[in-house]
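Shared between the two complexes below is chain A, which has chain B as its partner in the first and chain C in the second.
== the complex of A and B ==
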């Protein structure tokens, strides 16, 4: 058998993280395990701190794992993050024995249900993080590096950008944010179901980023656009459901909007 | 040089498969039994189908994320039409798959959307359509018609009909890739799409073909699901696309396209299925007790090992 050989492909620019939903599940499963443990009930203050810090750290480690596979071993992002997509939820289920963990812990649930100046705490968190990340992407050296790697990896390498470090940092940030999201979901529900936290969330996240205008091939990062995209997709879902349009039709409409958004962006670039 | 390396890579999959089968046969009494073999092949015929469809798509450098939910949609369509018999329900299920494939092909070759996004949209839309058709429930099949014969009956009490049908699809894919100009075009697109186009190859036709083929395979897998397990299941198929991608990757096909092997993909799909089959037997002996929760962890670890091996194998390939 012979296979025609073209030129060896340059790795496609831009990354993707399929593992965010599973990382949410891992972090969301860990937090209750920690604050429900005997040690944490004996030391409530420390226990609460640990139940927030440890899951974030574990999520960051998941991101480090993704980043090392991608940046140092040259594995394609879609394949590297596929590993945690497949096994992350399983790890969360092994941790909890597949059981639903319910709890009452007002300090922790404040993360998901509390209010500050009339707005939900989680909303403040999302807003603060969005502003921070937008500033980092626009103003910091890392942000410049990030866009140059996404825009033209080879040029970035030749220009002396520490490509591997930039990529690893990016996957660590994505995973840590996913971990935080997982804990917020758990705090909101006062319950942690490893099988369901963050399920299909990677698709929502990709859709939001695309609708918000992040080019899938990388090199552009409209952070506020992604926020608007996420809000738009959620609002559209709620509006359709509130108007008696069923869940399944909402899926079809979401699909159509993704196609339209990607197609419009192609038109704008051409 | 590259051919040799690749063939060694392919050989590794077959060797791993043979070693696992030998291990299972020696260690477990009922592993080599007719019952285990036929239920193993029956279940995995669905995954062989979608993996082979995915293999062709990946050879062009594309991806088809919609196969899982398209299979679910086809299972619903086939189950709803099952009272009319296999002769109607089977083509109808495949037609549902072909329609999804046509939608993918139109978006990718017509609107020039990236395959990842186009098939992601089809994935969502097919899930919505399946839930809508099934009214959010599983759809029981009609047991009085001949519909369930496909999924339940076996040749000589051993080989399920589904695996034989899946094999036909495998042979078609293998002949197309290895023996036809269409197959050479498929590989040329994955190697360098622009060069293939400039050489005057009919690249668009080849791309349309792979997405239609993948859709048809997914549709057929959905028919198997409904016929073999007695219901159209709108929520089944989650993660199937990733299982198929994993099988293709394990089979040594590079995700960038341009090369690959249909037969090694089949071996990859079987290898994945076998790991679980062995785990079930090991659980049955009571030496370990791994709950179902461990399955996906082990699947991920398995994929990791293969990827690490491939990263080592792929690196020293020099430019020719």
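== the complex of A and C ==
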């Protein structure tokens, strides 16, 4: 489960995805480049569609790269995703020449700041994705396969589960959702800062999943737990800051909560 | 009668309101090898985990060396002199034998550093005592399982344990290694160490143990000297039936089958090889027939099953499945072609521990339960309900995680996983190993019924009774080759052993 900005991402089966923040940066940097281009200003409708579709596609390709490395070449997830963790942000900065890109594009910023029926659009997106993913994990063939691969890969292989395909799909989904999250951040700020988008987001995501009760060893995916974990961590952070407690203290308190969550789960598993 | 080293009386323990142990009693004398037997779910593991300090008891008393004690953690139990050799080894394979022997109890120099010279001396003393001749400077993982297990025992001996608990210590050893282990156990016993021996192999218990405690449904139902018991008495006590009952129906549920004549050939393997462990196997299987695969450990039985099921790539020979021209190169393809393979290794190749009974049972069937990628859960649950009833699976409900079930019930769920795909060919690798006597008979009865329906079964088993009573034909393997095929009726234990040892029918 990965929850940058409260957006759900899939649990790679027993793996860890360090590339989340960097993929956010790539997608986030790419979107304004497309809709600010001459072609897009000439074709605003198509331009907007492309500025959403192309970054998502690029993000998906990053996930495909991770997935192939892990599932077909047997590279350890933490190493494979480290490649984009390091290079992704570099690519994003090269794309933008390292500059802060600011823009005004109400259609695009609607993604980050718009409201629908009184609720922020990004809230609707989070809600829709949570429900979709929960349904996928519980009801679909892919979801069941995902949990079985995460829970016991050898047993899953023997039972005829297409393990490599499941893993690759999972990294593609995770990266695509990271791309979406990156675009939402950019839309919120009306600016894209390749150096900052999604920074350390992969760790927040892991923290949210752990607080929500996911097993990092794989095989358990409490989707709503992860949502609660993400909301809880964010809310707590904002509450502490709003009460005049410093950023640094907030980090320490967050860490303490993770320790508490892990400890409580130990009790529940024994 | 000397005073007991350990006296556990009236131990009770419940998990989430479900009693696992209602009245556990266990008494072990100094210097005796004591067996504890019972079906899976009888409460053996619970009693032992309370003794080792992993769980706390709800009620009852534990007296250790005459004093009432309360062991609150594995460390406290170890400090008191209770050491455990687990089924899964818990040592560090990458480190040397010496490091493993002294781990956590390293001798120190005056400067507080580990005194490696003393550590080596201690290691050599222990290994020498058991007659194990290995280089203690090499990583533990470079030695076979049997040696690693002996090192684990050596470690316990070096810690001067008074009671050594062994949980299924022979499950991955071959005959010769078992004899070495038994030698070590007898030596420990001669030195006054008591041993609590947990095993499903009754032969071992009768060969090795002095006393035995029987558990059933969470209660101690008997404690006796081995010398006063017969095998049948012990099985009867475990099952809660009379010895007469069992004598009249035979020892396994596979006995008394008639062969379906003229069944169509389902599988034909000729000259298959996958490497050093499987060099040349010929095998023909017909519908409605059980063919046993016999051989000593390491003769290539499991490798044969893996090759047929598409897990290992063939380096020579062909496997032909009726109406299936394409070669089978993956388990997925094998399943699609109507094959099923129940692995001998339930834990690492069978169960998905955190998934439910239902999800585990339908894993292989799942593609057929899904339409447009969505699992038809109504149908799934109906099918699972059917199997739970038909196989007598004991679970609180089908959504219970499978890891909470006893070994026998886990095995039934896995058998259900394969029966659900209605295979033409069912490969069973040690289907009743590590399973209690009751579940064993039930599993055998299920296999028998399946064969009657026309399924072909390839049965790999180390139990002569199971093979001789169950299989129509027995293919004997030696060093990766099939050497002979014995036909029932007429196979006797002597003939089979002779064929396994010499490669020629007696």
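Just so we're on the same page, the second predicted complex is superposed on the first by the 257 of 270 C-alpha atoms of A that agree within 3 Å, B and C clash if a C-alpha of one lies under 4 Å from a C-alpha of the other, contacts with A are read in each partner's own complex, and residues count from 1 in each chain.
Note that in this section a residue touches a chain if its C-beta (ideal position, glycine included) is under 8 Å from a C-beta of that chain, and two chains touch if they have at least 3 such contacts.
Given the structure is predicted, the values throughout are model-derived calculations rather than measurements.
Enquirer: Overlaying on chain A: chain B and chain C, fit or clash?
Expert: clash
Enquirer: Check whether chain B or chain C contacts more residues of chain A in the superposed model.
Expert: The larger set of chain A residues in touch belongs to B.
Enquirer: In the superposed arrangement, does A:147 touch chain B (first), chain C (second), both or neither?
Expert: In the superposition, A:147 touches chain C alone.
Enquirer: Looking at A:53, would you say it contacts chain B, chain C, both, or neither? Reply first, second, both or neither.
Expert: neither
Enquirer: What is the contact status of A:89 with respect to chain B (first) and chain C (second): first, second, both, or neither?
Expert: So A:89 only meets chain B here.
Enquirer: Of the listed stretches 60-68, 96-104, 168-176 or 348-356, mark the one in chain C with C-alpha atoms clashing against chain B.
Expert: After superposing on chain A, the clashing stretch of chain C is 96-104.
Enquirer: Considering each complex separately, which residues of chain A are in contact with chain B in the first and with chain C in the second?
Expert: none
Enquirer: Along chain B, where are the residues that touch chain A in the complex?
Expert: Chain B residues touching chain A: 2-3, 6-7, 61, 63, 107, 111-114, 116-118, 120-125, 127-132, 136, 178, 184, 187-188, 190-192, 195-196, 239, 242, 245-246, 249, 255-261, 291-301, 303-304, 307-308, 311, 314-315, 317, 319-320.
Enquirer: Write out the stretch or stretches of chain A touching chain B in their complex.
Expert: 1-9, 11-12, 16, 69, 73-76, 78-80, 82-91, 93-94, 97-98, 203, 206-207, 210, 216-217, 246-252, 254-256, 258-259, 262-263, 266
Enquirer: Give the list of chain A residues in touch with chain C in this complex.
Expert: Result: residues 139-142, 144-145, 147-148, 151-152, 154-162, 215, 219-220 of chain A touch chain C.
Enquirer: Along chain C, where are the residues that touch chain A in the complex?
Expert: Going through chain C, the ones touching chain A are 309, 311, 331-332, 334-336, 341, 343, 348-355, 359, 363-364, 366-367, 370, 373-375, 377, 417.
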